[in-house]
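Here chain A shows up in two complexes: once beside chain B, once beside chain C.
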Partner chain A sequence: MRTEIGTKVSRGKVKNKERAGYWFIFPAALAMFGLIIYPMFYGLYLSFYNTNLVNKWKFVGMKYYIQAIVKPEFYSSVLLTFGFMLLVVAGHFLFGILLASFLNKEFAGRTVFRVIFMLPWLFPESVIALLFTWIMNPMYGVLNSILKDIGIISENISWLGSAKFAFPAVVFACIWKGYPLVMTMVLSGMQSISQDHYEAAEIDGANKWKQFLNITLPGLRPVLVTTLILDSVWWFKQYTLVYTMTNGGPGNATNLISLNIYGTAFNDLQFGKAAAWGIIVFVICYVISRIYRMVLKDEE
Partner chain B sequence: MKNKMGIGKKQKQRVNGALRYIVLVVLSLFIVVPVLWMISTAFKPEAQTYSPTPIWIPDPVSFESFKKFWGLYNFGKMTMNSLATCLGAVVLCVAFSCLAGYGITRFKFKGNKQFMGFLLITQMFPSVMLVVPFYAVLTTYRLTNSLLGLVIVYAATNIAFSTWMMVSYFKTIPVELDEAARVDGASNFRIFWKIILPLTVPGIAAVAIFVLINGWNEYMFSSVLISKDSLKTLTVGIVALNTQNQVHWNDMMAASSVSCLPLIVLFLCFQKYFIAGMTGGAVKN
Partner chain C sequence: MLKRFLAIVLSGMMMVSMLTGCAGTAQKEDTTKDTATDAITDAASDTTESVKTTEVPEGPVTVTVFCAYASEDPHGQYVYKYAENYMAQHPNVKIEITAISSNDIYTKLAAMATSPDDLPTLFFTSADQAPTLYDLGMTEDLNNWLDNADKADFANGVVEACTLDNTMAFYPIDVQPSAIIYRQDWFDGKNLKAPTTWEEFLNCAKALTEDTNKDGEVDRWGFSMVGSNNSSGQSRFMSYLWSNGYDLISEQADGTWKNGLDEDGFLKAFSFWRDLNNVHHVVPNGITEVDYATAANYFAMEYTGMMLSGSNAIGVAYANNPNLKGKIGSFRIPGDAPGTMLNTEGYAICNKASDEEKAVAIDYLKFFISNDKDQMFWQSSGKIPSTLEGQKAAYISGPDYAGYLDTIAKGCRPTVNFAGMAGLKTILGDGYSSVFSGEKTNEEAVKKMEADLDTLLEDYN
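Up next is the complex of A and B:
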């Protein structure tokens, strides 16, 4: 079938040639419409019903959307997720850029460090979650005993079991998992900046910090913008790590919006409500990406 | 005066070098210590995991947990399930994204730009939001509790980004190659298949690795869509150890270590493509 399309097009006219493009994107487009757009509209449809997907289908209109704004169960979770996202993404950028600038120079042992610092990226989120659950275990966890040895704490802390520590503990694990992406992006970006700029700056007497601010950062700008958008959106939607470590608890201390939606759907069997929240999260993620793009463009 | 400055600079460089090592070593401890703890726990007899003071080097070294990985817990089967699902998704994603990438970069059809924008917007869909409709739709087509259903889901969630990666890769291949072949009378598909595609092998490798990592690490869809024990994937199986009445940390850490191994080995062999798979066309060389 494909060769047939090919020969038809090669007969010549420009228009035919352009139209051939449709055949090439057809499989991907079909998959995207069937598997992303159709489910999404199905979700939109569900969001207007009070349904358990089996025997209860009651039309409720905009009820769940209005509730999301009025009742705190949704927006408090969204606010928590924003805080989580800001901390995690800031951590990724801090360590990602710091490590990238160290690893960008030639020195003995660079390859070893590069491999070590890439490791978290290669570990499944669920494995990282279990590993830190074990490390932070209140009775036998190695974190408590290390901190006691150094003298920072005097008694065992239940890191994931206390409302005070669970959130920072989860944020730490998420920073641990995600910074290699920023590091790698920045490293590849740095390698595309011409060395001439630095030599010129050296002659002008600019110190390393000034060089970083005036040459490296502007050169990295396009990479940083893309990474910032993707990283923010991805971690706003984070589910697996936090679910495995705390299941949203204790109380609601780590009840991110993804966990909240999941629980509403599969524990409370309120699929309509969960779908409505899902739609709102999509809008939020979209708005985040637009805002970043607008703000970062204006600065230029 | 000149001489003095020269020495100063050299000393400064040496201090900088030492400082770099100190910072890198301290930061790498945050990675190395947890990983060593995982490995050390995996080789412990269970009693030693409950020691009040941490034991770093197990004595005696026990392989029990690793034996259980293949025996008691049946993780061998789950590893095969994970692998089969990943490979299926890789094949679908590579095929679709190559075709789409070629179509987008070589033809100026209507809606070309909109399609790229649309792909980016799909990245905003929270996957947790897709869980509900996926669950409903796959139930209708009897594709829950089926690895094929999981393959379709993994492919669907990765096609957009894969296509983005392939588009940026096809852009690096000069259009003159296409034009020369077209003058010789080759058809579009022939040009794509025989001439351009062989040049994009590094891009394909990057896409394959990207999809492989995501599939291997995926947990949420797998836990919702698969409930049959014989079809479970590795991540779901390992997390299930955590919800048992008694948690055997040594077994769990052994399973965790084994599940990390394939990607680490692949990374060491194909570093270049991993990096390309991560940066995914966001960085232009």
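Up next is the complex of A and C:
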């Protein structure tokens, strides 16, 4: 009898504790519901309507989803965004790892270089976009002026106004803006690898390249995977830099999916269509994150 | 277990949202119909009943304004000044002005529509945005507040330009039809005459394009084209197409809209615009990067000789280069058909405001257009007043404004009451941008524009 009462009391205590726990998470849960869950479901709801959000609510069912699959407007923009993300992330890793290897060596003024190479990360994206827009201006840009002076081009080129050059130009600016994150992460990863491994490898006769392949890269793997996820997601949803530099143009040369969705909603005022595209992009991002998580799980 | 629970909850939420969505639709469409019917009834009854009183009430009244003029230089200051003058005469009235970009007004209003108490009493609109704002069902029919004597103050065609479906959707402050401004002194120097066709225009542009300092590079261009893919560039391209006789879209007898991009000769007209840049090189380099401000500055800095624009470009030119006074002329857009709407701008009154607020708003707007004898708001901006009296002002009597007044006198296109105008403009912008950059051929671009317009019209038919 005593035992039963004791059990009931302890269960009651547990329940009270659980209740207290729920109360603790309630504000955060409410905020998450208001700021994430509700807008997501409202977006899903909108995607089935041709609406101006005020007085026109025409149910169109799956029309905008079917359009996204049937018409090239959507998927060509998604493919362009994937291409953009791959090039930018690859650029970040190439320059980030090279510079991190350089900064990991002992030399005079290393701290100064570390600060200098970090600078692009510290500037706001809009500032960098305007900076490159001015550098590449077809009338008075310094890039054309330099290239003409050294005889590479004979007349000014419209870097951001040409279908051939706009995409590489934007990718270049984005690589310049984003490599410091990879550089910093890789540098911190390199510093955590014990020197004993390198000394042992040297005794075994491994050259620098083999040391890099067999010690540095495996040692950096957890850092690289985390950085890869962060960087990929960050640049997949890139908006500010590209919008300020080209506004998605010329034509569709730099029309990333984030710009496309924004333009469809707030320029063309087709909120339902934009919501449907947003939902599809959400699914794509979810699939990417699942793939990354599977890779990470294998690592563990 | 948790997954199953989540799946059930989410499915439930989706079903509920779909069902409520459907119910909401029916209800909302009914409400829209009712509102529309009411509006038509009100407009019809206006002919027999007198308008509402616009006497300013004695109690405190606050009028809030979403104003696109206020953020612009150099005329934005006068918006505040006129409001202060009005408040000095009416101490019980408070006018609160929020400066806002005209492109942001729609989205702000749409976002605020769910809480009508927060909506502004007045909001800026222009002729090409008015149908979209009218489509929101937020604009008060000013026929309820303005009698025939009030309307008679406005210049010819102005009230019609503000009227959509017999509803006077906004109060006109200025008109800005498009025309071509040009360097009269350069034309005289080369014995050129104001062109009346686009072929003649091209010849003038070729004559003005030259290497003035003989360093082997062109440094002056005939035409200050706005080639950026934004509203400014798109509107000008639309004007060019209109002047060639292409309506782009037309309303059918059953109220549906028809795609007009497949008409004969459209490809040729489209190609001509592209060739100004890609073949004849009579426009500055990097044309897709040239927005309105850049093009107006090129003209002011004497890099270019002609510009298709509203008269506000004259204000920009004089403000940046006072030496241009006496050197600028203007002429009608070449082509056989009118290439511009009257492009009236002004303020719409929100129909959610109280009658007191509406009465004060109307009184304030009447004050706005009549309180300044020197017309400094209009003169400094280069805009043309909307009133008969205003259009007698000395500053618009010279050759610089002659083309604009000629355009008004010969008649402009009626306001296009198509709520999807922004989408149509995007299609046009994507079209010319893709051929300027070499991404597409003329044929490919026109084909894509036709297909995109068909898709857009599905949503509005």
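In the analysis below, the second predicted complex is superposed on the first by the 262 of 300 C-alpha atoms of A that agree within 3 Å, B and C clash if a C-alpha of one lies under 4 Å from a C-alpha of the other, contacts with A are read in each partner's own complex, and residues count from 1 in each chain.
The rule is short, and it goes like this: contacts are C-beta pairs under 8 Å (C-beta built on N, C-alpha and C of every residue); 3 or more make two chains touch, one makes a residue touch a chain.
Small disclaimer: the values here were computed from a predicted structure and weren't measured.
Participant: A:V223 in the overlay: touching chain B, chain C, both, or neither? Say first, second, both or neither.
Facilitator: A:V223 contacts chain B only, not chain C.
Participant: Contact-wise, after the overlay, does A:L53 reach chain B, chain C, both or neither (first, second, both, neither)?
Facilitator: Touch status of A:L53: both partners.
Participant: Pick one for A:P138: touches chain B only (first), chain C only (second), both, or neither.
Facilitator: second
Participant: Just chain B (first), just chain C (second), both, or neither: which does A:R19 touch?
Facilitator: A:R19 sits against chain B, while chain C stays out of touch.
Participant: Looking at chain A, does chain C or chain B touch more of its residues?
Facilitator: Between chain B and chain C, the winner on chain A residue contacts is B.
Participant: Determine, under the contact definition given at the top, whether A:S158 touches first (chain B), second (chain C), both, or neither.
Facilitator: Once the two structures are laid over each other on A, A:S158 reaches chain C alone.
Participant: Quick one: classify A:L130 as touching chain B (first), chain C (second), both or neither.
Facilitator: first
Participant: Determine, under the contact definition given at the top, whether A:F266 touches first (chain B), second (chain C), both, or neither.
Facilitator: The answer is both, since A:F266 touches chain B and chain C.
Participant: Overlap the chain B and chain C contact sets on chain A and report the shared residues.
Facilitator: Common to the two interfaces on chain A: residues 53, 133, 137, 139, 266.
Participant: Residues of chain B touching chain A in their complex?
Facilitator: Contact set of chain B toward chain A: 17, 20-21, 23-24, 27-28, 30-32, 34-35, 37-38, 41, 49-54, 92, 95-97, 99-100, 102-104, 106-109, 112, 115, 118-119, 121-137, 139, 152-153, 155-156, 159-160, 163, 182, 185-190, 192, 213, 216-217, 219-220, 224, 235-236, 238-239, 241-242, 249, 252-253, 256, 259-260, 263-264, 267-268, 274-275, 278-279, 282-285.
Participant: Using the touch rule from the top, collect the residues of chain C that touch chain A in their complex.
Facilitator: 13-14, 17-18, 21-22, 24-25, 28-29, 31-32, 35, 103, 106-107, 110-111, 113, 132, 135-138, 217, 228-230, 284-289, 419-420, 422-423, 426, 430, 433-440, 452, 455-456, 459
Participant: For a test of understanding, state which residues of chain A touch chain C in their complex under the given definition.
Facilitator: Checking each residue of chain A against chain C gives 41, 44-45, 48-50, 52-59, 67, 71, 73, 133, 137-139, 155-156, 158, 160-164, 166, 247-253, 263, 266-270, 273.
Participant: Across the complex, what residues on chain A touch chain B?
Facilitator: Of all residues in chain A, those touching chain B are 2-3, 5-7, 9-10, 17-29, 31-32, 34-36, 38-40, 42-43, 46, 53, 95, 98-99, 102-103, 105, 107, 113, 115-127, 129-135, 137, 139-140, 142, 145-146, 176, 180-181, 184-185, 188-189, 191-192, 223, 226-227, 230, 233, 236-237, 239-240, 243-244, 258, 261-262, 265-266, 271, 274-275, 277-279, 281-282, 285-286, 289.
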